[in-house]
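One chain, chain A, links the two complexes that follow: it is found with chain B in the first and with chain C in the second.
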Partner chain A sequence: MPGRQHFNKAMNEVHQNVLQMGVLVEESLEKARRAFEEKDLVLAEKVISQDHKIDEMQLLLEDRCTILIATEQPVAADLRVLLTAVKIVSSMERMGDHAVHLAKTTRRTSQLPNLDRLRTLILPLIVKGNDMVKDMLTALANHDAELARKVAGRDDEIDDLHRELFETLINFQRENPEYALQTTDLLFLIRFFERLCDHVTHICEWIVLRETGEHAELS
Partner chain B sequence: MIQLDMKTKRPEALQREVSPEVLQVKNLSFYYGSTRALRNIDMGIYKNRVTSIIGPSGCGKSTMLRCFNRMNDLIADTRVEGSILLNGQDIYAREVDPVRLRRHVGMVFQQPNPFPKSIFDNVAYGPRMYGTRDKSELMEIVERSLKNAALWNEVKDRLHKSAFSLSGGQQQRLCIARAIAVEPEVLLMDEPASALDPIATTFIEDLIDELKKNYTVVIVTHNMQQAGRVGDYTAFFLNGELEEFDGTDKIFLDPSSQKTADYISGRFG
Partner chain C sequence: MKKSLSATYFRFFLLIFFSLLVAYMFVAHRLEELVLQQVRSDLYETSRMIAPLVPPLESSLESGSDEADRFCKKIGAESELRVTLIALDGVVLGDSDADIGVMDLHHTRPEVRQALQDQVGFSRRLSSTVGLQFAYLAAPLYQADQLRGVLRLARPIQDVDSIFVAIRGRIVLLLTAILAAAAFFAYHIGGRIRKALRVLEEAARRILSGSYGGAVHIDFPDEAQGLAREMTLMSKELQRRIDEISTGKNELETILWSMLEAVILLDEELNIVRMNRAAARLLADEAETADTSKKRSLISVFRSSSLTDFAAFVQKRGETQESELSFNRAGETLYIQVHGTPIQLRGARGGTGSRRQPTEGSGTAAVLLVLNDITEIKRTEQMRKDFVSNVSHELKTPITSIIGFVETLQSGAVDDPEEARNFLQIIQRHGRRMDGIVDDLLSLSKLEHQSHGESLFQTVELAAPLNAALRVCRPKAEAKRIKIELHGDFNLRLNIIPRLIEQALVNIIDNAVKYSEEGTEIQISVKPQEGLAELAIRDQGMGIPAKELPRIFERFYRVDKARSRDLGGTGLGLAIVKHIIRVNRADIRVESRFGTGTTFFITFPLS
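On to the complex of A and B.
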């Protein structure tokens, strides 16, 4: 008879709930990407109105982890799972906010055809960011520290892409001052997606710590 | 808006409880001679829940537990004021027979205390005492009780061996099987794991979690962590008073009383 059945069940629920929250974030980012690409304002509004679900899940999971730490005295791997869960859901919540920002940027820029070229240039950054999120979730679900390290390794590529886009946008802004406001919006967007990938990298570091007990500096 | 009864520190968490109170303690005081060991206790014990009683030595927690099935009657020169209701009936009423009461409110002690009899006879003892003679019926009761106490698989091939051939942890589960053989409503446990090693303790704690499906459990423990792990509710006793009673999550995260906070965080006691 394995010991602490009640606690084991609670720990398994925490793991499942963290994954569920991750899936909500992934779906939100994917919808925001589609809305941006297809100029779908209805879908963008959906992303904005559904974000509260992600926020609620963060609070719920933080409370659950705190109660388990206070009442069950977790040690070793159990303690790492709970502490990293708190860190991971905090990063996920921010990632959800970035999906909302992308949706709001879509709302503000999609009706201006002169920005279409810039939006097309930005799209690969969003796609790559979302791909990192998907693979990070796979590592999280499969307790795969090796995959987490690999996913985090892709952050440099994102940083390079961000730098290139930054220059392009600044140049466009200089040449088209009448679009200063919208270009600034897009500058924020690429900055936020670069941050999104930093959050993914942080989560990958927590996955490595959770699985191996080692602090990994992956960024 | 949830109203708090500040006098009894009646907890917010209990306002949400849907389960009925099996036991109701009403303005209970208890005396050993002239010493007042419990002072004006008011609390409820909820059906199919685990209630942990914690507090420093001498706070009255074991006295409180023993009041629930009148075990204190066996101690000379003791006196009770106030009342305890079991399903609405005062257990201290003149017409109540304490022996019959203990059939409804069973008890497990700190030290495993099997009788010097076989495993089978230990579990069959209570049912026999209450009149069950039929062998197959007794066998059914013994098997069911041992299964509910998570001991059956370990002893089914040696039911007629002495209870003393079992390990300490197994003996304690045997005592739990003996207590539940008479199908009590409430199971009182006085430090049931304090004489056991960590693995046997885990077995008992898992068992308590299972037992609450069929029984209402009240457990006294010195081990605060154990209260955190097993209790749905926690009652903190101090100097004979109920300092705080609330959901275990609330007690361990955000107790209302500074004294509770100090005790559970190891700052006194």
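On to the complex of A and C.
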């Protein structure tokens, strides 16, 4: 059935493109992390200037999925794959934005040595968040619902870490009012990373839905 | 229609059965005919003999005497035949076995009717009078040249039948025997042919399942022996060719596997067809991701958008491309030089295994990627660049100061003895610093280029160079109230170059003193283990951040640039240590936690 073959090929392409977009986000987050850790402003600028690639990918993928749904009228599993793809890419786009936030925060805070201690404290949150993204992508690539569940389970850790950091930052802000602006930046940053992990959890839920057809509430 | 041997066999069996049945029926029919013929001719002969003896019917008919009946009874008794005389109108005139008074008119009987038409009538039927199977013969009876009546002779054919049955039984027996023999031979031969076919089938299956080279042997039939011989030959030839191919393949596989360059073969849709060990090493999770049994895409395994883009670019351009890209492996950045070549995966020969339909219109090719890890080269290159700029910078700084102060002196400061002495001291300090840098560079260069002959190696106790080093460092340590404590037995005997080891220890302990706060401790301990001695120098200083650790042995590399120079370092101390340790065939590593202290471990082989 040549039509079917054609459709399967298109479906595989969608899957590969979603992965590609995921890898772009992963790379962007990793670069932003390195720029943050190593105070590398050139790398941070690169992250900011490359974000449009992720946005374009989102539009491309949303269009493709819409066209496939409209012209091929897929049912059951195929439809599920396409619908979850649309949801996954929109979450991924947000995650890409968080990488940009991280890069911009780096730009604003890296030149202040007095903030170094706070930055070292925040780094584990970023590393853990990036690790979740990485493992989520592995689950996505390998159609591994089990791994997706596990990755989503790590969200609690992030929430705890976020709460702790929040306290620390607020205290610092109180004691060092001259750094109020930068501390607020960092407060936003940890908030964004907490949100990033929520996105990861959502994507994990959609991976589970795509692979098993079950609506899982993982958060 | 079934075409199996047994079905065919069954059909032939039926064919034989039916032909035998037809033959039997034909013979049986003929036999019956013959017997009846015989009976008829017997009866006819008898009738010819009897006819002249028949009393004149005309007169007896007229007189109504029973002469004819008596005649019949007499003849009947003598010949065991039934004799009947019938008048032309059908009236029975005499009968040997029955009372003529009760007999009906006989002119409707088939044989009588024939006789009345002047023919010899013959028929065979159940007698209504006697109730037995009879053969009847009726002959026209001429007396005085006039048809006067009919003479009918009849005899029961029961006895004839019994003979006939006996013969028929024998024929049936014979035919059954023939049939059974035919069936037996057919079955036997069929079985042997089946067996031969099974042997061939088994041999073919063995070849299919990959066990080649076995001989195929068939005794029967001769026609199949040729086939068996050919199959044996074919199997051996296949074995030979496959051995040849697999040897070649193994060689290639080994070459591919032991190559330092990573090789990745991608299909048209950029799925990984196979990759070698070096490629798997580029991945963080080597064992898991190197599994190519499943079809997985390049992007899902290597997680690099630039590598995937490059592969797609090669595919699009259709010619070999080269590029350099960075690649993230478990947090560290690798620099990769990559060559990509488009190739046709399915040969133009239209190979046997071409399952894939060629996609219409798109002439996409498979891609072969060869990746070279140039991280080390990049790093060395960077180090060389850094070295040159560092040397110039390190030498330039004191020279600038010296020239500056000399100029100040020239422009009048020389007349102020206090100022002049001060400036000259500064100039001296910078001069010494340059001297120190040049000395360090020279000793580094010596360490790098000279081969240290065995003559310089001495077997000494570790205590000797250590004590010499401590003599150098103690005054500085005491000035900062830093205690140096020794733990363990330092009388281990080592085969080393004592002068160099002393210098290395001085550099390490001096660093420890420099970067420690006042009133802290430095602990030096030694631990022998399995032919090795591990010397540990632990301080409670500021420590080194983890990401700086790999670089601290580089020339002019400073964790904290400003501070290091203030403390009078040349930036070459640890580089010299590393070279000394290497020359002494020992090993050095460092552990550090930022804020809590640093420990250097030197492992010597025991002499």
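Assume the second predicted complex is superposed on the first by the 216 of 219 C-alpha atoms of A that agree within 3 Å, B and C clash if a C-alpha of one lies under 4 Å from a C-alpha of the other, contacts with A are read in each partner's own complex, and residues count from 1 in each chain.
The rule is simple: a residue touches a chain if its C-beta (ideal position, glycine included) is under 8 Å from a C-beta of that chain, and two chains touch if they have at least 3 such contacts.
Owing to the predicted nature of the structure, the values given are computational and were not obtained by experimental measurement.
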Given the touch rule stated above, what does A:Q16 touch, chain B (first), chain C (second), both, or neither? second
Can A:A70 be said to touch chain B (first), chain C (second), both, or neither? first
Comparing chain B and chain C in the superposed model, the one touching more of chain A is C
Which partner does A:N142 contact after superposing on A: first (chain B), second (chain C), both, neither? second
Report for A:R4: first if it touches chain B alone, second if chain C alone, otherwise both or neither. first
Applying the document's definition of touch, where does A:L218 land relative to chain B and chain C: first, second, both, or neither? neither
One more residue to check, A:I158. First (chain B), second (chain C), both or neither? neither
Quick one: is A:E27 in contact with chain B, with chain C, with both, or with neither? Answer first, second, both or neither. second
Which chain A residues come up in both lists, the one for chain B and the one for chain C? 5
Would you pull the chain A residues touching chain C in the complex into a rising list? 5, 9, 12, 16, 19-20, 23-24, 26-27, 30, 34, 37-38, 134, 137, 141-142
Partner chain A, residues of chain C touching it in the complex: 269-270, 296-297, 299-301, 303-305, 308, 328, 333, 357, 547
List the residues on chain B that touch chain A in their complex, please. 150, 199, 202-203, 205-206, 209, 225, 228-229, 248-249, 252-253
List the residues on chain A that touch chain B in their complex, please. 1, 3-7, 66-67, 70-73
